[in-house]
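Shared between the two complexes below is chain A, which pairs with chain B and chain C, respectively.
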Partner chain A sequence: MARRLPRKDVVIVGLGWTGSILAYELSRSGLEVVALERGPWRDTASDFNIGTAADELRYAVRHDIFLRPKQETLTMRNNPSQTALPIRKWGSFLPGNGVGGAGVHWNGQTWRFLPDDFRIRSHMIERYGEAILPEGNQIQDWPVSYEDLEPHYDKFERVAGISGKAGNIKGEVQPGGNPFEGARERDYPTPPMRQGYAQELFTKAASGMGLHPFPRPSANISIAYTNPYGCSMAPCTYCGFCERFGCANYSKASPQTCVLPALVREPTFEARTECEVMHVNLSGDGKMATGVTYVDASGEEWEQPGDLVLICAYSLFNVRLLLLSGIGRPFDPATGEGVVGRNYAYQTGSGSTAFFEDAKFNPFAAAGSLGAALDDYNSDNFDHGPHGFVGGANITCAYTNGRPILYHPTPRGTPTWGSAWKKAVHDTYQRVTTVGAQGSVMSYRNNYLDLDPTYKDPLGRPLMRMTFDYQDNERKMANWMADRCDEIAKAMGAKTTQIGRLVGPWSVVPYQTTHNTGGTIMGSDPRTSVLNRYLQSWDVPNVFVTGASAFPQNAGYNPTGTVGALTYWALDAIFDYLKSPAPLVQP
Partner chain B sequence: MPGIDARQPNRKPPQRHASHSGVTRRSLLASAALLMTTSIAGARVVTKVLPWKPNEAYPVTPVVPGGYLFFTPAEATIVDAFVDRLIPTDELGAGAKDAGVTTFIDRQLTGPYGGHDWLYMQGPFSATPLPSQGLQSPLTPRQQYRLGLAALEAYCKESYGGRGFTELNSDEKDKLIAAMEKSEVQFKGFSSRMLFSALYTNTIEGYFADPIYGGNRDMVGWKLVGFPGVRYDFRDVMEKPNQAYTLPPVSMQGRAAWGER
Partner chain C sequence: MTGLRRATTLCGALALVLLVGAERAIADPDTFTDVERGKALATAGDCTACHTVPGGRRFAGGLALQTPFGVIMTPNITPDNATGIGSWSADDFARAMHEGRRPGGTFLYPAFPYPYYTRVTRKDLDAIYAYLRSLAPVDNRVNRNTLPFPFNIRLSMVGWNALFFKPGAFVPDPKRSDEFNRGAYLVEGLGHCGACHTPFNAFGAGKNERYLEGNQIDNWTVPNITNDPHVGLGKWSVDDIVQYLKTGQSRTSLASGPMKDVVENSTSKMPDADLKAIAVYLKERGAAGPSAPAPLPETDARMQVGQAIFVDSCAACHTRAGAGVEHMFPKLAGNVIATQDDPASLIRIVIAGGRAASTDERPTAPAMPSLGFRLSDEQIAAVVTYVRNSWGNAASPVSAETVKALRGRVAGAGD
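Entry: the complex of A and B
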């Protein structure tokens, strides 16, 4: 039996990006807040030391600080006719664990979604007619607009110190920025990162083609900066041990650098680490949450009562916690009814690898978000009519790292070992770059999350099952983008290029992106969404869920800028809810 | 159907600080309270100050070369011979064997990697997984090497007139390795492709990982491509686009040498 602890005003599940922001804002208003985190405590000074941080084998290859699949993983299959098997070793995505969550070891590519992304269904139908929507899709408009979120994007960018160049301030297009972006009130808090030689070539070539390149907005920050919470950051040194690593320089925005130093000083805040929340507890009628039950590192169970439960466990684990807690009806792909697990989506990747005759790209001088980008082919910034697909991609020329265990490119056709391989590795490293397209994924009836019937975690609870594959729409889009990337790569002066298309089923093996979206989506109708427009559960109004699980489908961008904006948007609503606790939207 | 939004009609900015008593913004430098990292049973509780502790990051222990902890002497010779074909010593520098890759693999196998300690290893294990489902074998790396090397040796003895792998000439070795890579050769009781994959993956790791792990002697792997190692500050490189980087690499132990000096 679980032992019962004293009540708290707010119980937060997960102390990553969203959990730490909410914990700080709520505890500084005087509320008693406890955050329960399943992994260990981590902070820059003791865990990400410069003498041990730059270790590719340990962090990037052995996955030292990620969630260990032994503790929790999921099962996967490509479609409902197959038998799902556990992801025994992470590959395609790398969930976080421990204080800071995936925010510790993210890249830091920090985007705002485009205004059209939030009403993509209506927009596409208005412009092209219903027929453009792919078969089996469940694409939905978001219940919030870009304009709703603009001040909240700004807030997150200030807290994270994002380095970038505005493209549109109050409707005025800014030279050198992204002309397609939604209007922003003001520029980024810090100037863009310094770009390398490959980005120079990309920017020149793309401009020459009439495209609109700009420096990618980055949470690896360009100059010293103190954020509104009083946390200070140092300039990025382009160390190239960024994504998959904690930053030893206080240069990458993360809960550690931007929130925790302020948060731990709040006297009404307490973090309990190595405490895994098993489920949310509900009142007898199932209409209110009474708190959560968690198990600590010694295996003991505790009941933590609380008035408000905030589920900030990362997209995938948010979905699993709702399923395990019986909050909201699980989605059934056979009938199309139910909501929890619905509209799981991901991200496409395609592009072109460019081999130059002679260049010194110095790929090791890099950062998680270093790169030049363009949005000419994203969202509906181009005419989709002739192409017959929905969605788009941001196209970048970037260097995140040149770490040689995982990065030692060779041209296609090179032997995989032996002296010829060795020579090719030697000859290629400095003179290859890529132009890549990171694309949107729409939502479909057959891409969803539910509980696995066979496999269990060490606590005996079912693992979550992921049923996902790219659909024709995504393949068409990604492969069209690959050709666009190739055109740019050629214009950059590459001697030869190799196109990377989206082929074969989605696989868990190669790393793609930790951009898992959907499953607890927000919407305006409780029959097709789990959360209302304030991230509040339709079924249990004192439960709010933050993270990319709220996205109705995924856009052609990394998620965290939007995740951060939604968190601040929900925060305002939570303060209102606390004044008069009730559903904020009546269905 | 859009619902009725209780917050929409006359939206005001929320009054976040008004309703709660007496809490003001405090300076970050205020002398906070006690360091409290006590525990509620198995939980670690953090409140009021950052729990700074030295060496929390459990730094890795440098590998001291010499002898083997997992491999038998016979196994180690086979691994030496095998990795020497994967990355040979040639005019571009030392290959995998001379870079200490066998020691690297040996030490990796004795650690958590060798037992797949961090992976999900609960059954049932499917006999017919999809390629997209990735790793689905119950065999740990330690088992793969022990069983796989024995199967390789048995295959060689049987197919090459009693000679073991190390006694094959370079050409024979290369042909056999290529056949293992393509799954074109059957060993008794063990997948030749699985042994190839283990050796191949670990060889690349050992050749390019920090020398602290026992391979990449004198940072040969890094020198091969021109990777400067753990310098951690390349702002100077960003200032000089398209120029060769000329400084020698640095490893975690701070110098170019491998092992003791």
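Entry: the complex of A and C
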């Protein structure tokens, strides 16, 4: 039997980017806030000592700061005709664990979605007619516009100190930036990172082809910076230990560098780590949340009452928590009814690997978001008419790392061990670069999340089941992008190139991307969305859900910039809600 | 604590005051303005640092102070009748602060810096007393007899006091500005800056002839804070000092070690005017320090080894030019901690790491990790010697023996 604790104004589940931002802003306003985090506390100085942080075996291979499948895992299948089996070793994606969440181990690409992305369904129908939409799709317009989110994107970029070059300030196109981006009020807070030789070649080649390359916006920041919360960051040293690592140099934006130093000074804030939330508790009529029940590190169960419950876990676990709590009706692919678990989406990856004769790229001088990119083939920046697919990709030439264990590219056909392999690694390391396309994934009736009928976690709760595969639309898009990448790679002067296409079913084994989206999507209609346009639950108005689980489908970008913008957008709404607690949108 | 209990305590105190028949006007402990003023003064005096155990109840005492003579446990100064100062009158409190004696006349040890507090005005002491009496009493009995023989004989303090303690009031210097005198009052009195920044003699008394010329506390270098240009505050502006005290950071330095606690508990919460007065006083009262030696030549073998280690292990943050990163990593060029005669802090930070202060204005509190696990005594000596003699710095070289001795004392002391 859970022991009942004193009531708090706000209970936050998960202390990553969104949880820490909301915790800071709400506790600063005087509210009593408690954040429950199932992983450990993590601090730059204590946990990411510069003398030990760059340990590829510990972090990148053995997944030290990731969720352990023993704590929670998913079952996975490609389609409803299969039986889902548990993921026992994370592969395709790597959920974080502990304070800071995925905001600790991300690479740092911080994009804004394009204005068209937010009304993609209407836009595509207006321009091409209904027939362009793929079979079985559930593509939805977002209930917010780019213009709604612009000031909130700006706020997040300020807090994170993002390095970049604006391409469009108040409608004026800026040379050197991304001309396709939505109008921004002002430039990035810090200048772009220093680009390497491969990025120079990419930029020159792409410009020569009439494309529009620009430095990729980066949370591995270029100069010393102090954010509006008073938190300071140091310039990136290009060590190449970003993704899968905590940053020891205070250079990568994370809750640790950007929010927690200010948050822990707030006297009305409390964090409880190693506390796993079991479910959100509801009032007798199911219409209000009364708090949460959680289990602490010693296995003791507690009830934490609260007036407002903010679900700020990683996207997949937001969905599971709603399913376990009975908030919102689960999605049923057979009938198309229900909403929780609906529109799970992911990301595509394709591109071209470029081998040069005499280049010396020094790939070890890298950073998670160091790179040059172009958006000419993203969203609807190009004519989709002749191609028969929806969606797009950002195309980049980048070095995230040149680390010794996992980075040793070789040409196709090289043996995987022995002297021939060693020779190929030696010959290739300095002479290879990639032009890659990270693309959108649309939403479909058969890609969804629900509770597994068979497998349970150590606390006896059903695991979540993922049913996902790439659809023809995504394969077509990704493979068309691969050809575009190859054109650029050749124009860069590569002696040989190898195209990487998207073929066969999605596999959970090789790492691809941790950009899982959807499942608690925001929308204008409670029949097709879990949350209203303010990330407020349609069914339980004192529950808000943040993060990429709110995306109706995924765009051709990394999600964190939009996750940050939505958090500040929801924050304003939460303050409105507190003034008069009620649904902020009438269905 | 219950309201009833506090009321009882206050009544008890008032009764006692009446009983002893105070000769002078006693501050009324219920006077809000006195309590507020007393709170500010207790902050300026950093009473928290010694009288609060980390994570413990405020002012409930029990912190073990390591002195050369043994461990002294700090007393409970909450108004608890049995274990704190609940039964003390304002006169009792003033006598402790001014004379180092408890009610009944027994002696306090000068680890409690009454040789400084003796300069605090009675009015200010009464305000502090009023503030302490407004706190919730905490029942926390502290063993006050932890010193070994012969130091456990409190009567020995008669001799110590006769030799080293000059009771007396603060006397402003009429030739100096009000601001200077305010600064002097704070530094010499309640702030008891000299308790750390003045070298000790063999009896643990401050060497008055070398007032504020630096010391070593708990294996940290406590720098010279006279206006000396080589090792003191000579290159710091008044504003640099104010910023350092207020935010924990100046252009070159981040407060760490024991000064981190002073900044966090005390100076960052003091009014700007008082911080400026302190800075004006420190800048204007004069300079004293050793003359700068010639820097070691770059060709010195220790410098060459030190540079190689610096480039590999230090330059990513502190930069090749020793310029550091503003608000994050201290600038080493021109850093007075680097050029003190005593290299303890530099060695200690390399071995065990250190964390900077966190303040409202500068919350980040960046930390240097410990590198003692992978640098030998010789390597640390070389890199510290290199830092002490590069980018315009000049200071005596450091030997591996010095590092070895300090490593023995700070091993596992990561902050």
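Definition applied: the second predicted complex is superposed on the first by the 587 of 587 C-alpha atoms of A that agree within 3 Å, B and C clash if a C-alpha of one lies under 4 Å from a C-alpha of the other, contacts with A are read in each partner's own complex, and residues count from 1 in each chain.
FYI, a contact is a pair of C-beta atoms (placed from the backbone, for glycine too) under 8 Å apart; a residue touches a chain by one contact, two chains touch by 3 or more.
Because the structure is predicted, anything quoted here is derived from the model rather than measured.
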Could you look at A:119 and tell me whether it touches chain B, chain C, both or neither (first, second, both, neither)?
neither
Is A:230 contacted by the first partner chain B, the second partner chain C, both or neither?
both
Can A:197 be said to touch chain B (first), chain C (second), both, or neither?
first
Who does A:241 touch here: chain B (first), chain C (second), both, or neither?
first
Just to be sure I read the superposition right, which of the two partners does A:461 touch: chain B = first, chain C = second, or both, or neither?
neither
Of the two partner chains, chain B (first) and chain C (second), which one does A:329 touch, if any: first, second, both, or neither?
neither
Give one of first, second, both or neither to describe whether A:7 is in contact with chain B, with chain C, with both, or with none.
neither
Mind working out whether A:89 is in touch with chain B, chain C, both or neither, as first, second, both or neither?
first
With the two complexes superposed on chain A, say which partner A:275 touches: chain B (first), chain C (second), both, or neither.
first
Chain B versus chain C, judged by how many residues of chain A each one touches:
B
Take the contacts of chain A with chain B and those with chain C, and give the residues found in both.
45-46, 49-52, 230-231, 235, 237, 239, 248-249, 261-262, 265
Seen from chain B, its contact residues with chain A in the complex are 1-7, 13-17, 19-23, 25-28, 30, 32-33, 40-57, 59-60, 85-88, 90, 92, 95, 112-113, 116-122, 124, 126, 129-136, 174, 177, 181, 200, 204-205, 208-210, 212-213, 221-222, 224-235, 237-239, 241-245, 252
Quick one: which bits of chain A touch chain C in the complex? Just the residue numbers, please.
44-46, 49-52, 224, 226, 229-235, 237, 239, 248-250, 257, 261-262, 265
Show me the residue ranges of chain A that touch chain B in the complex, using the header's touch definition.
5, 25, 28-31, 40-41, 43, 45-58, 61-63, 68-70, 73, 76-78, 82-83, 85-89, 91, 143, 194, 196-197, 200, 230-231, 235, 237-241, 248-249, 260-262, 264-265, 267-275, 296-300, 302, 359-362, 364-366, 402-405, 408, 416-419, 421-423, 425-426, 429-430, 454-456, 504-509, 524-526, 532-534, 572-573, 575-576, 578-579, 582-587
In their shared complex, at which residues does chain C touch chain A?
313, 316-317, 325-329, 353, 355, 358, 360-371, 373-374
